[in-house]
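For reference, chains read A, B and C in written order, and residue numbers begin at 1 within each chain.
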Amino acid sequence: MFARPGQASLHALGPIDLDLQTGEFFAVVGPSGCGKSTLLDVIAGLSPFTEGAIAINGKPVGQGVPEGLGAVFQDDASFPWLTVRDNIAFGLRQRGVGQAEIRERVTGALELMGLTDFARAYPAQLSGGMRQRVCIARTLVLEPRLILLDEPFGALDQQTRLLMGDELLNLWRQTRATVLLITHALDEAAMLADRVGVMSARPGRFLEIVETGWPRDRDSTIVARPEFGRITGRLWSLLRGESLKALRHQSEPR
Amino acid sequence: MNRVASPPILRSRAFDLVILSGVVLGLWQLAHLWGGDVAMTTPLGTLRHTVQTLASAEFWPHAGATLGAFLVALLLAAGAGVLAGALLGYHRLSGEVAEPVLVAVYSIPKVTLYPIILLFFGIGIRAEVAFGALHGVIPITLFTMNAVRNINPVFIKTGRILRLSPWALLRSVLLPATLPEVFTGLRVGFALTLIGTLLSEMFGSRRGLGFMLMNAIGLHNMDVIMSLTFMLVAFAGSANAALLVVDHRLHRRA
Amino acid sequence: MRLATRLRIGVLVATVALVEGLCRAGVIGAFTMIPPSEMALSLWRLLRAGQVQADMRRTLTAVGIAVGSSIVVGIVAGAVVHALPRLRRTIDPLLAAYYSVPVFVFYPMFIVIFGLNDIPKVMIGFLYAVAVMIINTLNGLDRVAPVLLKTARVLRMSRAATALRVVLPCAAPYLFTGIKLAIAYSFIGVVGSEFILSSGGLGYQIGFAYHDFNNPTMYALILFILSFVLVVNMTLHAWEKALMARRGLR
């Protein structure tokens, strides 16, 4: 369980009150510049916050990155000097996990992410989507309790995104982790999440938290269901005004 | 229009080198025909004289002197350059202040500073080492500075999420991330340090290959001049080729 | 003025002041170095007396010839090599390894062949500068976006018109970079050669003053060459940056 009211400096974030349920898939959408990434940075302990408190499972989180956290960013964070296998094993090696266990876990992750044939390739030889899979695999193999995703599929084309969404749901179910996904794509949020937090323009605060009510064993085919259209419509009707505000703010002379 | 592709071997890089060498040797021989022995020795004659020189007793003390000065200068340049470059890359303001100065020194005829170095160090190996190191330290510093400056921020974020200690971050992430560009700087520094060392010997020295070269002018000894020139070019060329192979490998991964 | 610029000026001024102080205090002996103010004074006297004019002309003429020829040859050769991909692939290892070779080692060879006149140093300057001009010409031509060439074809422009009105303006900033470097390298080649062995020119005079224990003249000439080269290089550099910025490059 999470309890987290907080506010970052320079009013990048408005007052936020967020309770993440254990094992849920929570998405955050909002106009550009509203502070979605800042929210993730603050939860991850990467950025300090000026007011409020963060607690994970009742334990308060101070400065620094707490344990049991995994993160995947929009920028490709795969290490170009390591093979795919070594990339995935990186975190385990840093923690001093035994060789046999590393091999086992890495092989499992390679299979899960469909990277077995590329285990000895270098990231430079892979496409953008595959490199993101490497980053996801590297995070998963450490079995984090909370997975933070900051627009991980932002650089990919739409069809790849839908397929990656399917894979993400699989992983979520298998690992039983809590997932917080930041995305600018409303359809992605509507399809993947149990609940979607809609943020206002800067300084971002939650306008509403929309429940999707999807079953746990969902996949990308739910986009055909009428509820999907209703949810996406609801998200846009909330966001449309905020997005206009954000756009106007962007084009104003500084 | 259909063109038949030429057989692979005629298109290979090895064949290109054969053509190139052939052209160079051909022009060389032609120049000899035009100028006569007094102007230039033949390729074969140069080779013969080179072998003779390598077998002679007087050659090796000079070669040793040059090599010794060169290696010490290179070590100094590498050590100082990497350290200074890392600091300047890390501390943005210092880097910004220093960079135009370094670039300016890079582009002046540094040989004009040699008399000053001679006055400070006195004639001898210390001046040669200082002058050689001066040549090499600048590109090494500039390349290292750039490498550190351009470290992908997402790598640092990843390191923090994985809760790496500063030392582990440096060793496992920052070092490999900067290695390709630092190595290019070292490769360029190698060539420039060699130039600096030879130049110092050509101006005011009593030993070394540069001195041998200058000495042969007065004696109008074309044999010596050409075989020394050939040896130095061969040495510099093959050293650079070897370093280039490593450079390519490092960059291909990145 | 930006903070970094102000700091840089401050550091440079402080360094010169420090050197001035150390020299005047005798920490740095007069046989090693004279105070910067005296360097400037000595240079002023030399210029007024007209003693450096002849050597200045000699060095600058040699540099000029090296620059002019390397730019022309470099651009033409670069254009030719660019148009013939097979040739380019063959030459590529040569260009990559070019600056790893100490070009100055050819100087004795040239002296023996051409004699102790100005030809060898011009050749060294040329050899130094031409490669960088070729490399930058190739780079500039590479960077002409294919979509621009497509546009020229759709507009049914002749090859000459395309070369003159699309390729050349597109590649111009990179050609300018090449020119900037060619000038700097020509100076390095010519002055360096004059140092090693020459019958005249500023580099030669500095070497002569050194062997003559004539510190005031030596430092004055060093100051002159360095200031001259620095002003030229920095002006070209600023110009280049402006060109690039206007294009939105770099």
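By definition in this document, a residue touches a chain if its C-beta (ideal position, glycine included) is under 8 Å from a C-beta of that chain, and two chains touch if they have at least 3 such contacts.
No experiment lies behind these values; they were computed from the predicted model shown.
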| query | If you count the contact pairs for each chain pair, which pair has the most? | reply | B-C
| Per-chain CA centroid nearest to the all-protein CA mean | B
| query | Of all chains present, which has the mean Cα position farthest from that of subunit C? | reply | A
| request: Using mean C-alpha positions as chain centres, tell me how far subunit A is from subunit B in Å, no decimals. | output: 48
| Just how far, in Å, is the C-alpha centre of subunit C from the one of subunit A? | 53
| message | I'd like the Å distance between the centres of subunit B and subunit C, where a centre is the mean of that chain's Cα atoms. | response | 19
| Which subunit B residues reach two or more other chains? | none
| query | Quick one: in the complex, what on subunit A touches subunit B? | reply | 44, 46, 64-65, 67, 69-71, 73, 75-77, 79-82, 90-91, 94, 122, 124, 142
| said: Could you list, by residue number, the parts of subunit C that touch subunit B in their complex? | reply: 3-4, 7-8, 11-12, 31-33, 89-91, 93-94, 96-97, 99-109, 111-113, 181, 184, 187-188, 191-192, 195-197, 203, 206-207, 210, 215, 218, 222, 225-226, 229-230, 233-234, 237
| For the complex, which residues does subunit B have touching subunit C? | 13, 16-17, 19-20, 35, 38-40, 93, 96-98, 100-101, 103-104, 107-116, 118-120, 187-188, 190-191, 194-195, 198-199, 202-203, 213-214, 216-217, 220, 222, 225-226, 228-229, 232-233, 236-237, 239-241, 244
| Can you name the residues of subunit B that touch subunit A in the complex? | 152-155, 157-158, 160-164, 168, 172-173, 176-177, 179, 252-254
